Amino acid sequence: MAKLELKNIKKSFGDAHILKGIDLDINDGEFVVFVGPSGCGKSTLLRLIAGLEAPTDGKILIDDSDVTEKEPIDRQIAMVFQSYALYPHLNVYDNMGFALKLAKTSSEEIDKKVKEAAKILNIEHLLQRKPKDLSGGQRQRVAIGRAIVRNPKIFLFDEPLSNLDAALRNKMRYEFARIGEQLATTIIYVTHDQVEAMTLADKIVVLNGGLISQAGKPMELYNNPQNRFVAEFIGNPKMNFLDAVIENKAQIKLFEGQILPVSSNGKSGAKIEIGIRPENIIIDDKSLIRAHVKFVEKHGGVVFAYVESANSKDTINIQLSHDTNIEIGQEIGIRFDAKNCYIFDESGNRI
Amino acid sequence: MRNNNIGLWFVAPAFIAIVVFFFGPALAALIISFTDFDIYALADLKNLRFVGFKNYIELLQTPLFWKALSNTLFFVFVGGPLSMAASLGAAILLNSQAAKFKNLARTIFFAPVVTTLVATALVFKYLLHTKYGFLNFALSKFGIDPIDWLGDPKWAMPAIVLFVVWKSFGYNMVIFIAALQNVSSDLSDAAKIDGANAWQRFLNVTLPAIGPSILLVSIMTMTGFFQLFAEPYVMTQGGPAEQTVTVLYMMYEQGFKWWNLGNASAVAFVLFLFMLLMTIIQTKFASKQGVS
Amino acid sequence: MRIKPQNIALNAFIFILAIIVAFPLFWMLSVSFMAAGEASTFPPPLLPKQTQTSAYHELFSSSGLWKYLFNSIFLAICATILSLTFNVTAGYAFAKLKFKGREAMFQTLLAAMVVPAQVGMMPLFLLLKTFGLVNTYAGALVPWIASVFGIFMVRQFAQSIPDEMLEAARMDGANEWQIFTKLIVPNLMPVMVTLGLFTFLGSWNDFMWPLIIMTDSNSYTLPVALAVLSREHVQDSEMMMAGAVITVLPVLILFIALQRFYMRGLLASSVKG
Amino acid sequence: MNRRGFLQNIASISGLYGLGACGKILGNENAKSHNIVNMWGMGREGEVVGDLLADFLKSNPQIQVKVQQIPWSAAHEKLLTAFAGNTLPDIAQIGNSWLPEMVAIGAVAPLESLIKNIDNNDYFEGIWQTNIVDNTLYGLPWYVDTRLLFYRKDALKNAGFNQVPDNWNDWQNALKKIKSNIGEKKYSILLPLNEYEPLMTFASQVDDPILKDNATLGNMQSAGFKKALSFYKSMFAQKLAPMSAANEISNVYDEFGRGFFSFYITGPWNIGEFKRRLPEELQDAWATSPMPGPNGWGTSSAGGSSLVLMKNSNKKEAAELIIEYLSRPDVQQKFYDLTGDLPARKSAWVNGGLADDKYASAFYKQLERVKPAPAAPEWERIAQETRIVSELLVRGSLNIDQAAEEMDKRANKILEKRRWMLNRIGGKNAQ
């Protein structure tokens, strides 16, 4: 268990500036997920923490000691790779024991630790197999097992689930939560999937364009996104956005002229976007905001209706209960409470 | 398909050519190796005797054959691994991220491969000259006395190996570079995190990953080194003291210099058997190691 | 970016290695422009005192080099044409056409890979003798007509042509020969360049077979002529180096110009195992 | 089938274009025509034979000659290959010692019709004998050749000798003296390890023949041969000769000029080369001498080249005219002028004053004392094998007895077929 501090981390490859100044504190025992679209720098950040790359600028501290210039092995970290990176010529047992062997651990000690880890992961029966004889999920466990035996201060996971099919991914997500709890150590987990982030993390760090967009507890990010990027990124299905203009301190005006009683502290006449989650939109035929139903998606428990309104660039997604009788082609009215609206200025910041 | 056997017409010319000009003669060579076919038989077939295994038995009793065989095996087991080590070393150098002008360096390293063997063997013959050769001149700068590279029985083989390594290492280097580019960088990162140093990473990540390439390259290289001929022909004519006579050189001399075609065919088949044996051993060994 | 000292060392090492590897070729070129006897002095000179082409003049005027040059070029071109026609048709058919005995024939060819070419050389010589082809261009070309290696290379490449393309052409009413000439050959162009290059270089650099089959000096190729001349002119290093330059330069230039194709062929042949 | 025919067959089989063009180029070149006599000349002789024949061709316009120059080092190999491949010319110059072999395989035709016009007393006896197999003349000596000593007069004088001693013992003492004068890095004599001639010269000087029983068995373990072998070996053992092959001495003439060695056993062609290649100031410093023998002047090899007519030639008449022309005394003299090759006919020596020439006279003397090589077709191979074993001897991996035994063993093996063939035909037609 350890805490990790990143101080103004920058990383460039030639002219490409991947990380532009990251400051982040990760506490002892926290399960932190780095999430963001591809190219946001999340994997690079992980590799910097691992010591596989050196930062162009900035410092990395583990338990208050500066490890910026240290080799991976001196940082007491373990990492699980997206491709699992198992040694193809070694069997599961040797794969898991490899690092210990390099550290000249006694063979009894190795045996004990490998078997312990195998038990946690339910792979005791696979120890003599070669990686090529394992299924994707099994390889995944071995890769985790290889990290566990090291007893590291920090676990690093680089998109560990992205090579699995959907069903297995759900199962492993649960496993990760369980293992995370069992290990009770600091975990840094990189993913591009916000569902994984929401379900696993103690703390989510949303990265965008080489900078931290927002960091915080999952529900904090969901309920209180600091900017349009986080608002859109977190939450499934996605938040809807409608163009609007600030009328005055207490009101905004939608595209078609409807006035909503939403208070904001922006300047009058400023262009804004309001965001509203699908579950917060209510069908109300009396409402002035009119829309045409273009498509209805029946998921069973819930139904999503995609409607078009002059106010939005894209279709608006509405979450309905399963007993709705809405149909394609219908004209409906929609409304939403002002308290459920998020307002973003032109540069995407929450106001 | 309407015309089912049209493919036969496409294949036939090449197939017939290979059967007539390759399989046929190879089979005939087997038959000839059981006769005393020589220049007299060439003049008059009445002078041909069927001698059974006599050519083979006599061959095994001929000191020159053992000399040639041991010379050839020296090339195969010393020259081959040396050449492969040079290839692998060069490939690793050029595959490292920090290397500059990789393409230029690769072209330079590869150039000897496409050059004409006879011509470059001649160049080396002069470079290795005892008195005026550049190598001895360079060595003299380090205080080493001139070595009679091609004239001293001790040095003739190493000198030819030096040439062959220079000439051939670029070929395998290219194959190794391609193999190294396919080595998963994740795997090498994982090993770094596991605490492996560069040498341990090479042993545990790179080497297993390029194993199949190494097997292939070693079969090709050793097969090639079994067939050395032009090098001794141009550089030493088998001398000094038969030190550089290879099996193929012996076959050439027996066959095309003295026209003892029976003997020469036996030599050719023994060479063939050795090469076959090598290939089988290597493949077996590799499949045991789990390289597919 | 921090420049690590080991990176400097690595590049310096590569640089030195490149110099060592290139040196023999550089020296060959340098000596070929020296005055007669200049290279046989101590210490060995690196560069000619005065660049001159006398060694080349001597070579061309007295030793019939034009003839050897012609023989080498002519044989290499014919070998290339032969190899392309025979191997491309066969390689394509093995990859894309179904016919009786295809597998058996292919396995037979596969078996040929383990038999060294030299085994059959002596009977081949006798065979060609009965046809009166010893000491003829045709005799020298026989080994280049078709090669298992070439067929494999073409086959491997042709397998990537989608069957749908051939089927579409058949639906359009093309016959097999039209499909081959109009559709396949253009699509096989890259591998044909590679195969052609390999054959050309192989024929040009070949030594043992022309040495055996070309019995008189009018028919020598450059490598054979060079080997023979070198025994007669041991002391004329400048002239021999000029001969080496003439022999090496064409293939080196060809290789550098078509390097991309060469490397592809090399790698293709290395994955066949 | 000619080339064009073959290629057109290929072309028609495969339906290819390009090759038609190839066929044309092939067909036009090198076509065999009926009035062209093909001739092979070796080395320098091959270069000058065209000039020699200029007058002949003027007076015989119906005959055309196409000369091929074959390098000496590959000549024997090329002759056999051409025989095997059916590509022999009409006339060839061949080494004397190869004649039995060429006769045995049936490559050459007897020169019966020529013999009437030739006076064999005008030839050196030892040389003439090499051209006769089974009492039949198969070759006409064209030039003669033997090996003898080229040496540095100054080195010999410094050692206290005015001329080359006539026996092995004194000669070697002279060599030792020279060695002690010139020191560690230089040598008294060059005996190139890649040539069998020096050893065979010594071997020809002893009483025992090299092969015995109608040349079907080796006789290398005889006392005589071993004596020659010991003498040869002692030259290296006492560091009188360097352990190197001729091709490792980059330039024999320069090295001779620099005094790297002072004695060299070689042939007459080097008279011209020494004159041409040695610097001006050394021109008076060298001389030639007949070979010393075990007890007084010794024999040397009956070398040289003969002109032979090939059996498969279809231009025999024209070919014989050419051979006859080339052995005329006046042509022989011109030949000498062009090449420095010694004329085969004594009259050419005397008429041209060659017999009294300061360098050539030693050869004239030596040629009266030459022995033909053993008349076994396998001789060339045996000689080569013997050389290889002698190199092992010199380099110390075998002793004299072992070497002699090994030489016999190799010779006997090579001669096995000859013994079988002679048995089969009951000893008749020994060749």
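Here the chain labels run A, B, C and D in written order, and each chain numbers its own residues starting at 1.
In this text, a contact is a pair of C-beta atoms (placed from the backbone, for glycine too) under 8 Å apart; a residue touches a chain by one contact, two chains touch by 3 or more.
What you are looking at is a predicted structure, and each value in this text was computed from that prediction instead of being measured.
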**Fill in**
Closest to the centroid of all CA atoms, by its own CA mean, is chain B
**Fill in**
Farthest chain from subunit D by C-alpha centroid distance is chain A
**Fill in**
CA centroids of subunit B and subunit D: separation to the nearest Å works out as 37
**Item:** Distance between chain centroids, defined by C-alpha means - subunit A, subunit D (Å)
**Value:** 92
**Prompt:** How many angstrom between the C-alpha centroids of subunit B and subunit A?
**Reply:** 57
**Fill in**
Taking each chain's centre as the mean of its CA atoms, subunit B sits from subunit C at a distance in Å of 17
**Fill in**
subunit C touches at least 2 other chains through residues 40, 85-86, 125-126, 145, 212, 237
**Item:** Residues of subunit D touching at least two other chains
**Value:** 14, 81, 84, 247, 250
**Prompt:** For subunit C, which residues are in contact with subunit D within the complex?
**Reply:** 40, 74, 78, 81-82, 85-86, 125-126, 128-129, 131-138, 145, 212-213, 215-218, 228-229, 231-232, 234-235, 237
**Asked** Once bound in the complex, which stretches of subunit B touch subunit D?
**Response** 13, 36, 38-40, 42-44, 47, 49, 58, 63-64, 129-132, 148, 150-151, 153, 237, 239-242, 256-259
**Message:** Which stretch or stretches of subunit B touch subunit A in the complex?
**Reply:** 184, 186-187, 189-196, 200, 204-205, 208-209, 211, 290
**Prompt:** Considering the complex alone, what residue numbers of subunit D touch subunit B?
**Reply:** 13-14, 76-77, 80-81, 83-84, 101, 104-107, 193-194, 243-245, 247-248, 250, 381, 388, 391-392, 395, 397, 406, 413, 417, 420-421
**Item:** In the complex, subunit C residues that touch subunit B
**Value:** 4, 6-7, 10-11, 13-14, 17-18, 21-25, 27-28, 31, 39-44, 85-87, 89-90, 92-94, 97-102, 105, 108-109, 112, 114-127, 142-143, 145-148, 151, 170, 176, 180, 201, 204-205, 207-208, 211-212, 222-224, 226-227, 230, 237, 240-241, 243-245, 247-248, 251-252, 255-256, 259, 262-263, 266-267, 270-271, 273
